[in-house]
Amino acid sequence: MLDKFHDECGVVGVYGHADAANLVYLGLYALQHRGQESAGIAASNDGKMHLEVGMGLVADVFSGARLKKLPGSLAIGHNRYSTTGVSRLKNAQPCLIEYAGGTMAMGHNGNLVNAPGIRKELGEAGAIFQSTNDSEVIVHLMAQSRRNSFIDRAVAALSQVKGAYSIVLMSENELIAARDPNGFRPLCLGKVDGGYIVASESCVMNLVEAEYIRELEPGELLLINKYGMKSFFPFPKSPTTQCVFEHIYFSRPDSHLFGQPVYSARKHMGRALARDTPVDADVVVPVPDSGVISAMGYSEESGIPFQMGLIRNHYVGRTFIEPQSQIRNFGVKIKLNAVESVIRGKRVIIIDDSIVRGTTSKKIVKMLREVGAKEIHVRISSPPTTHSCFYGIDTPTKGELIASNMNLEQTREYLGADSLHYLDLEKMLDVFGDQRGNFCSACFNGCYPIEVEDPNEGSPQLDLFE
Amino acid sequence: MLDKFHDECGVVGVYGHADAANLVYLGLYALQHRGQESAGIAASNDGKMHLEVGMGLVADVFSGARLKKLPGSLAIGHNRYSTTGVSRLKNAQPCLIEYAGGTMAMGHNGNLVNAPGIRKELGEAGAIFQSTNDSEVIVHLMAQSRRNSFIDRAVAALSQVKGAYSIVLMSENELIAARDPNGFRPLCLGKVDGGYIVASESCVMNLVEAEYIRELEPGELLLINKYGMKSFFPFPKSPTTQCVFEHIYFSRPDSHLFGQPVYSARKHMGRALARDTPVDADVVVPVPDSGVISAMGYSEESGIPFQMGLIRNHYVGRTFIEPQSQIRNFGVKIKLNAVESVIRGKRVIIIDDSIVRGTTSKKIVKMLREVGAKEIHVRISSPPTTHSCFYGIDTPTKGELIASNMNLEQTREYLGADSLHYLDLEKMLDVFGDQRGNFCSACFNGCYPIEVEDPNEGSPQLDLFE
Amino acid sequence: MLDKFHDECGVVGVYGHADAANLVYLGLYALQHRGQESAGIAASNDGKMHLEVGMGLVADVFSGARLKKLPGSLAIGHNRYSTTGVSRLKNAQPCLIEYAGGTMAMGHNGNLVNAPGIRKELGEAGAIFQSTNDSEVIVHLMAQSRRNSFIDRAVAALSQVKGAYSIVLMSENELIAARDPNGFRPLCLGKVDGGYIVASESCVMNLVEAEYIRELEPGELLLINKYGMKSFFPFPKSPTTQCVFEHIYFSRPDSHLFGQPVYSARKHMGRALARDTPVDADVVVPVPDSGVISAMGYSEESGIPFQMGLIRNHYVGRTFIEPQSQIRNFGVKIKLNAVESVIRGKRVIIIDDSIVRGTTSKKIVKMLREVGAKEIHVRISSPPTTHSCFYGIDTPTKGELIASNMNLEQTREYLGADSLHYLDLEKMLDVFGDQRGNFCSACFNGCYPIEVEDPNEGSPQLDLFE
Amino acid sequence: MLDKFHDECGVVGVYGHADAANLVYLGLYALQHRGQESAGIAASNDGKMHLEVGMGLVADVFSGARLKKLPGSLAIGHNRYSTTGVSRLKNAQPCLIEYAGGTMAMGHNGNLVNAPGIRKELGEAGAIFQSTNDSEVIVHLMAQSRRNSFIDRAVAALSQVKGAYSIVLMSENELIAARDPNGFRPLCLGKVDGGYIVASESCVMNLVEAEYIRELEPGELLLINKYGMKSFFPFPKSPTTQCVFEHIYFSRPDSHLFGQPVYSARKHMGRALARDTPVDADVVVPVPDSGVISAMGYSEESGIPFQMGLIRNHYVGRTFIEPQSQIRNFGVKIKLNAVESVIRGKRVIIIDDSIVRGTTSKKIVKMLREVGAKEIHVRISSPPTTHSCFYGIDTPTKGELIASNMNLEQTREYLGADSLHYLDLEKMLDVFGDQRGNFCSACFNGCYPIEVEDPNEGSPQLDLFE
């Protein structure tokens, strides 16, 4: 899948390290795949908090000089995803606010399904909003809490919100990391030079040379302050419904997530796919980068040789200028190119992790035909994506999802492939063994673990103005 | 006076003009002297509001492309003053917020003396703040009002604040301009191509070729919407205490303000100064640009020739890099240079509008000595500045005001001048004839027309965190 | 005159000062009025030369970090003028080149009338050109010289060019400053902390606190190296024809030039103008800033009060965005505003230094009429500009010069003035006493001291390609 | 190999296409891997040439607005490589110069071994140089030619230079593409919408949807103008010595080069390596991206499973800020991370295309040890790099090449690997079958096909001044 949809961000928090902002910066670097729209870091030093945010990649937003503006041993950071719409600096996180209890900053990965309702109530009581982020309701609820301690305010606020959140929160001298009771999004904990670090994915621990400790549990709030680290489980027990798409697509293959390595989950999906829908062919070719690991699994299981028949240009940036006088659309070509020597005359199995709108897959099939593929068999290492996500993934509306509007044969014909198969949901979940029941599969079967008002109407994400 | 202190901003609002944002841009251009730190414009089009703000001069912040992002026939704009501290984009105005009643934007010139208290109350009730601007309390109070209409919310909010404000406020389709009951800061109204324009100073009307109508009265709220223009006077009558420093220094000499031309006020101050403290000398030399008009008045009254014995370099920007290996401080030299052919061997009367810390004046005296002035007589066209302002001017604390810490003779000695005289307060007010009672002179005599808690302690301006 | 035409640059050179580049930077700051298009500095350290150039004002081009890239005790700098056409970084100076003799850099103020011919010859011999600057021929000629020493190469090259040049040249360890035999453009010498500084105007000496020594003489080459300073006069004697427009308009009033203070020259021109063309009126108003000093002289001589009836907005930048939906042209309004209280009902004498195309003057007259001037008498402190300059001033072609196309009465009518008078050439030159013969007046009388091929055809400045 | 050294650029030229500059832009996009330091395009329209160059990636240098400044149906472009030293805009290409014959522009990939000598001669004859590029001598020689036509001048100039060049040259209305007689660097030709395109690699043809025609032959000059396309072979026949490193590392795997697909060459090198130096192990892991294809070949031949045990972070930019208070060096970690689930407890064969200094390989071995590799066998799909390149690749000096200073066992010990083997030179060349004699292997065996003065002294690339 080529940037067809995106996760809602990566978060990092560091407590008790002289280089807190710098470690957060490194962490955001490692989590860049989770969001390329904006990056930001808040740090606290001697009771004073500083915030630096900017549009773009972490490496573009932060210079050495800018990092120096973020002294202190406590810091949080956030990468925000890229939408096709207007990028707005005001929506960049962390947000930093003043309230009666002092100053606080927050970074949020996820989506709160009852944010519009809370926002409406808050608004009726006179609250004003600076962003269109659903996350902003959390800091409002914290500010309105009559509780005194930072952790109590956090508990009070998070008790009122529903949906998906992996969150980092900081006051002048405390760090809170929290995962929603369903555990939709990942969040893990490590130890570095006597300090603590929390981050969306474990690959952060590798980069900063932290010792990986564990994932936060669903519903856990972790408070880190001068007295040490303390866990809280203040919410009623919920079923665990971790996002299976983190394993399918979002997370880095070198991360360890929801109890198992992403790499092996993907490899097993590829193997299961080979068993599920075998086909006689000459080469197995991944759509890079997301299809690579599952294609390797498919190749291993099927015995059909694995080939990098599509080459990805990693220098592709945000903007790309199409020629003007010609009616052409380079689209996927700027990112991918087929290797003719690998494809010509071959029966090709092309492996991707998912199909969203189908437009990119169609172009890939066409590209392969142009360089002489004899047969093209599209294999997808996950089930058809038929429903929008409301828990933090920026999927298109149901009407735009090809699998929601066409059956398998119609889709195959639309793509121009000789055959098309998706991995069966149950077989995909088999990959997770006795953990199979702990995943959300709403985007595949519409079983939303947390109720959403009118889930298939309108845009799933909050977008109030502009 | 060379940028020794600064007004808190200029504001502009336009209603009912196809080029609203562009006229606001021109207005900000004409008001650039009131604030060089940041510039911003909010515009409303078909119920959608857009905001563009940036650090720096109007001409640097706004390109043609950026102005095009601000369509609509309703717009407001704001120039923010420059502090010596950190410039913060988050404090730039206009602010644009979401609340229960929709979207609104506001630009504020002035300072609210009870903002800290209101902020504390709002905070205790759970409000969160994004900036350290005192102005932010106004939009909070408007959002919390139970009233429905935009004007009623504005009245409700402004009834609770005390201090100085000339304000422009816009909803999706209405413009409100308001001046506090004391009328500290200026605000005037014009008509342009069938639409309306409000602005801090009348020079805006000249530039945009608007017909000048009148100044807003102290305590007046002007509502402009599709039904036309309507005035409200919802507040109890207060004494009028307009800022006399607008005439002395801040406003452009081509503006008409508080009922009279700035140019003639300054000219008369210079004449009064000549009568008040005559001295036998060869030339009258202004400190450009602020001392030019009063120096002309002094020259006319005294008969001593006026000469531009100090030349100002108008290309001086924000940053200036001092040589490193030499212990020198170019300071005022980079801005001013003495004309030796005018000064050498002369008894010089040097005219400035005011002295704040005295450091610049001292350097000017030294510079004149170096090119051979025989005598140097410093004459100031206003009384000694002994008290801080709490109504919108960013004066230093009392401890930093030279006139608050040294008597006349000590100051003269510090400056190195042969003589020093200030214009007497009563004689200065004589310039305004029967309007003499309608001015605030707190910075000269400490008689604060609106009570300030502990006025001479700490920083007069709100500065909660960086 | 409001930026109607421009000089070709300012130059600075420093030898033997640890802060050489920084002093050059300060010098360019002081010479900013001579060119705002680009700024550049070359510095030499231990035989290595570095160059930094950029488009824009000195303060925008150079940061502290950028200045640090220019170590060494030898440096030259250059401000380039702004054209209405495309600004080109490649034309920015100093130029730095490699040649058989090593590395050299050059900054040039002036215009070489035989540059096209030399360029053609050089091209035919195989030379390639990187810029469209006429100055580039000088470094080519130096490189082609068979002489060994830097000074000999400079003499050889300058012997071949004709026209106007005040030039700074540096090798890895020598500085050369030179003025053409006619002495068209200024160049002066100072001493600072044991090192030497040369600069276009003496105001530079004031800013860097250098001791002013003298002007370079026409035809003088000054070599400064480890052996000290040495003068050369290698060219045949020419009549001295210094640019009288430096006194009329270009140079700063606080500079001392061609043997006398600019300030007093302008003052005397104003006085002469008052004597030459008296008129009964109420106020004398300068077009700021260039008309200020002469207006003061006019006022003193005539006894008619001097008033700043036009206020200049000094924040005006390069770009200014006109409203779109209205057919208007703000033109001069963005820079100047009339002070109604000064003008209304008055007979106004408006003083400017020159009229080029007449369009700006026409707008000023209109602006004064609009605020109620009863009579408007335009007085120009120099003769009618009837001919283009070919010695370093970017004047329009003859066809665009109003005085070349209309007689006095026609011009008056075009401007809409009640009367119009220019200062007579002879009377203007009287200001310079026995130096009156040492000036070029070609722009007033067409007597070109150095022959120009077809002077009134085409663009006077070299502009080969874009 | 992780960016350990770099090719000297990519070039593109387009003739006869309304979107010439835009196609060149796309071509540079596809050739971004050949140079990331600077990008530039020159275009000719109606006899006027425009040039736009900038530092950075193609996508950052060119906006839509900037491309619009490059009208015309003839254009050339250039990507320049990134050095560790100072990046210099003046060295960016294409260079555009004026000479007696008009205007011309040039982009060059390669390195001229006799450039210093020619430069010296030119300098002695008076030539001046603007850049430190060896390429600049070509335009000088063309300008000095007494021939009249553009092609004749090109022939005259190229007859005098020795070394490696694939070059695009344009006059106002002609395009010349040329490859040196040895054919060191690649250059190919295509047809697009009736126009022609030349480019360093064939992947450009795929992206712009051009029809691939052929490679230029060594020693071929291709002239394209209004009369069509014409080939010239003006130089004495030389042995063909194409750069084998283009196949090993530089070119994209989806390009077709020197008669065969890069993808299959690399695959065969991997297979040969497996045969050459078999080892008993559990997994074959490539150093991404350059080792991926050869690792696949190794896996196929050896039957040992291929795994992506190292994950590359493709968001890594130019700048990366290390933490300050810790003595750490993240180095390779920021780019690569090991997948613990793939590596732990395994005997790992790690495949890379080459080793230059050895520092990166050492870090990779260490990283694999840390995640539990039981054995680490380093296999390199090319011979030891023992000599510097003088034909266009920016290799370090001989003293910095590990294989030039350590024997195999010493290198193995330095890397910390359990075993180390390189592919034998003859066996590597076997991959090219009967073309095996047509390659330069100087970096492996020191047999330089074109004599270089004192090849192992000093920097191999021209670097006259900074």
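To keep things simple, chains are lettered A, B, C and D as they appear, and every chain counts its residues starting from 1.
Throughout what follows, contacts are C-beta pairs under 8 Å (C-beta built on N, C-alpha and C of every residue); 3 or more make two chains touch, one makes a residue touch a chain.
Everything quoted here is computed from the prediction, not taken from an experiment.
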item	value
If a chain touches chain A and chain B alike, it appears here	none
Computed distance of Cα centres, chain D from chain A, in Å	36
Chain C-chain D separation of Cα centroids, rounded to whole Å	49
Chain centre separation in whole Å, for chain C relative to chain A (CA means)	60
Chain A: positions in contact with at least two other chains	none
Touch-based graph of the chains, sorted into line, ring, star, complete or other	ring
Touching pairs - complete list by chain label	A-B, A-D, B-C, C-D
Contact set on chain C toward chain D in their complex	48-50, 97-100, 103, 120, 123-130, 132, 139-140, 143-145, 464-466
Residue ranges of chain A in contact with chain D within the complex	18-19, 22-23, 25-26, 29-30, 32-33, 36, 57-60, 62-64, 67, 193, 203, 206-207, 209, 252-254, 256, 261, 263-264, 289, 292-293, 296, 300, 305-308, 311, 313-326, 328, 330, 333-334, 337-342
